[in-house]
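Letters A, B, C and D mark the chains in the order given here, with residues in each chain numbered from 1 onward.
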């Protein structure tokens, strides 16, 4: 049994993580930490867990955690996360980190977009990006993995194989993403107050969302080619789910079937990517670790040399906690699918 | 007082139309027709109208309608609509037609996309497109107006001024639209059954939606330049509202402020288009005849020569019945805003 | 023209009030106050009002307000409200107060349920309750009116006529109410964070909601008989609307039709209460000042001596701002319906 | 391995059932039947199951099914269900039946409420009601079990122990239930069309819902006392979940803690009933087989001799498919919780 700690256990990704880990036959959750509600039962914070756990929220103390666990999932905000991960890592605890702190290859890029010093800068660029569909062997060998962002996962899985195969243009790839509100986290604020976001759709952080450089960086690492993305997230009135609609120009003579074949080939042995001829919907992946993908090349109208890639996943599962457990499984030599089907 | 008839009164656009017309000081609704529920009170079909009307659903008989009304709003599906409009028009009834039948300039284009013969083909290309922001004088002089499609309205208002001013590229304009479910009409079917579309987002009719040629056609008429659009609608779990996110390449040296200034100038005296520096949300135009517009030119990241135009409106009001009354007001010499504020 | 001030203009009821008053032909809004965002345009706080108003949020100064307005709508929380109303009233400003401060007849009852001293206690019991369906003449003569609570309005309109007519039992009337989330106000907090209340239904404040004594007090004032109510509110995932399902025992020999007839007779000349044979739905009154009412006496099964009264309204309109304008109209000698249809 | 057939596999309860059974270590799904879409892949009907199954929809032929399966879950409407169950049962297939056909003890009662002849009338009154919390040993011994209705489960679990213990009155127990839309099934019709039921709450089948006699019948079987219930279901805009608010008069001297203690004692060893001091919410049981229960005795106000029992569950899981698998587990000697945690 792997003894596990969850650092920052009160949010939505932590709840999904705990629900998955409670079903995992090789895991015992040893401790859950928080900056608030110390001493309070985890099932008070997450009423879903009533009668399912006796865990109590503890303050984070790296030494005490390291004494009790083999493995930690760190669900803290960027900056704070690297601070904690650094300490756990130094004491030999293996970690999947949910924050953005170890995702980018370049420290400069990190400092440009996150506007803060990095507390663990010697590791930047050396931590595998936790997308097993592209970085499986690095993840298997790692003791620290950077869990991907939810939007980048949806974009990279759709774009990278087509770039690698030379089927689409690398310039000005447009990623128009629609996300449910749980992606904003559990801290109440006006834009996520029910009467503000129900029955409303809006774009936000247009041209300035931090997941844009992450997509560009990782697509380059997956495909070998530098790319530029124009990323626009939108908030839609649902709890969970991301659908990314991706517009790219086709390279010469490429047909729709070529693109579908390329994706199918890439994900032949990936248990959680489903390439489909039908248009996917977030409902069909909700609560699962699947990412559903399709691609269309419009054949009517004046314009016909674009591909439209559509990618969808559950932002809390394949976009966060499911991916984290998938990485955990690989890091521990378990079947990748354990507790995820 | 103008005596008005509503042809096809049981749907959602008809309900919104009736609610607006009941507030209109110069209108009396004389008859409402339907193919079903003949003899049934209108307030049985639309419980919202309890105690507000004594109208009863009647069968559509062109002669009987023409004898009683000066003006008709025709809310029938394409094909059926032109059939009815043709008869009313022949008897001297002025009409705003909600269908697509008179929107396109070219009969060929109509037949390609709508796959049907046109029952009133001599009028195709001769009917003003009911977007007063561009075709005011034609509308004022007309006795038949083609009410615009909901998606085209949101796209044209954002794109046409920038094309006309030569600020953006005419090729491969990407229109990624998100719509509430009322846009699908009131006929029950599985994709719009509550448990299917709640908590879900999906694209549909990718590259094949009939509003694509309408946008292209009308933008050309507004701006003088042929354009190509790549239009992808998405269904999001809300009742009403459309948000279109439009991606275009900038022409040389154009800045974000140039684009905003261009839009502000264009709509200086348009009472229902609000150009705003903030990002709009469908909530803020819900239940109103406003279209809110903004534009952004991203300045960070590798990619910076695209403009992102964001346009939103209520698909049942500015996208249908509000626009229809705006046209009606102009056709009758009333203040454009009557009953719409 | 009546010059109007709105004290506490940043919440949802204030927004609905402003939208109604902007359509009111006899009103000019002179000032809007707030405790935050001073100097900020009202259309920044309520983006719905873009291009509709130039009003700017001001600090509340009773003297300055009194100098500029004839009439104030006070949308502050209880306690704070009476404090402000007292000052405005002393300077001759007429007021509709949205808070609970003047609703109860008894100061003791106020202090028991609101656990605070009353800042304007000499007026308690002397202010008309702003339900024109029962207190029209008092309202017409008043210079201060207590606008009713949303739940009490839905309950009183359904119960009081049947008690007055002696048709139902006065003891243990069960009021099971379902409300949309806007009733909780605009201040973000965890229970009203979108991912917490979407896709969820729950009861709250069971047996301890402050609207319970208000219902009991006012039903007694309307009917002459003391009653006891057991009130349980529930939060359902919608923005607006209240549906109250009210269970009462029938007095001897009373039939369903007797109850419907009684309600119809009571509201014969009430323009905003619609007694219907069909079951009402909150959708059908949403955005309107209507309260829809019906009553059923089950005739199958073992139990048949209960009546089930169903009452629904829009909590922000008939449950708040629509009622306030209805009161305003009566206090000023205008047609009760002005700006409300 | 138990070979399982699912009769009527295209609805929502069938989908949830299949998802649970795919996780069940002792089950292989051998066949899925339907009256439509014969020959179509199950994953076309339920896109959630893409890549998870190769099953294809077949016509129902009792002999062919009996040849291939040990056990059937019958998800057909009442009447049709007993017809099919009768044939399978005759061929030795064990069955959990989702319909109402075997739930009532009395054929007369069945014919009164369901207005049809019963195709398998000799079994009426002889089939265990599949609520393991009360009928465990009968279920363990049975080869046919009547899976409970969703509303009755929520009501019986809350009411029966308190009746049995003599703590509450048996007369006029009021059950006010709120349900999500999936309870209406998957067949599109106007009341469940998204724009009709979103943002709306309404009561339906007031005093005439067929789950009322089921509650009364089973509570009597559980507790030994005849009771009368007044049952009013309401449709609220969410996909899944039922919350029942139950109003009963207390017997003499009973306190809130007595009621909670009684429930806790009753469900001490029931793994899927959670008795809680906090108010439950449907969100907290969504996607699970739990029923959460609490009870309150109001102590302020004029009225204090009522208990308010609040019960919530997921209508598709504990209210249907989870309960079915719980019964299946018991009928096969498996741990009751298999595949359900």
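One rule holds in what follows: a contact is a pair of C-beta atoms (placed from the backbone, for glycine too) under 8 Å apart; a residue touches a chain by one contact, two chains touch by 3 or more.
This structure is a prediction, so every number in the text was calculated from the model and none was measured.
Any chain touching subunit B that also touches subunit D appears here: A, C.
When the interfaces A-D and C-D are ranked by how many C-beta pairs touch across them, C-D comes first.
Most remote chain with respect to subunit C, judged by CA-atom centres, is A. With centres set at the average Cα position, the gap from subunit A to subunit C is 46 Å. Subunit D has its Cα centroid 37 Å from the Cα centroid of subunit A. Chain centres here are Cα averages; for subunit C and subunit D they lie 39 Å apart. In subunit A, the residues that touch at least two other chains are 180, 196-199, 237-240, 280-281, 283-284. If you check the complex, the residues on subunit B that touch subunit D are 12, 180-182, 186, 188-190, 192-199, 237-240. Those residues of subunit B lying in contact with subunit A across their complex are 112, 171-172, 174, 176, 178, 180, 196-204, 206-208, 212-213, 216, 228-230, 232, 234, 236-241, 243, 245, 247, 249, 279-284, 286, 296-303, 306, 308, 310, 312.
On the side of subunit A, the complex with subunit D involves touching residues 22-23, 47-48, 50-52, 199, 274, 276, 278, 280-281, 283-285, 287-288, 290, 292, 341.
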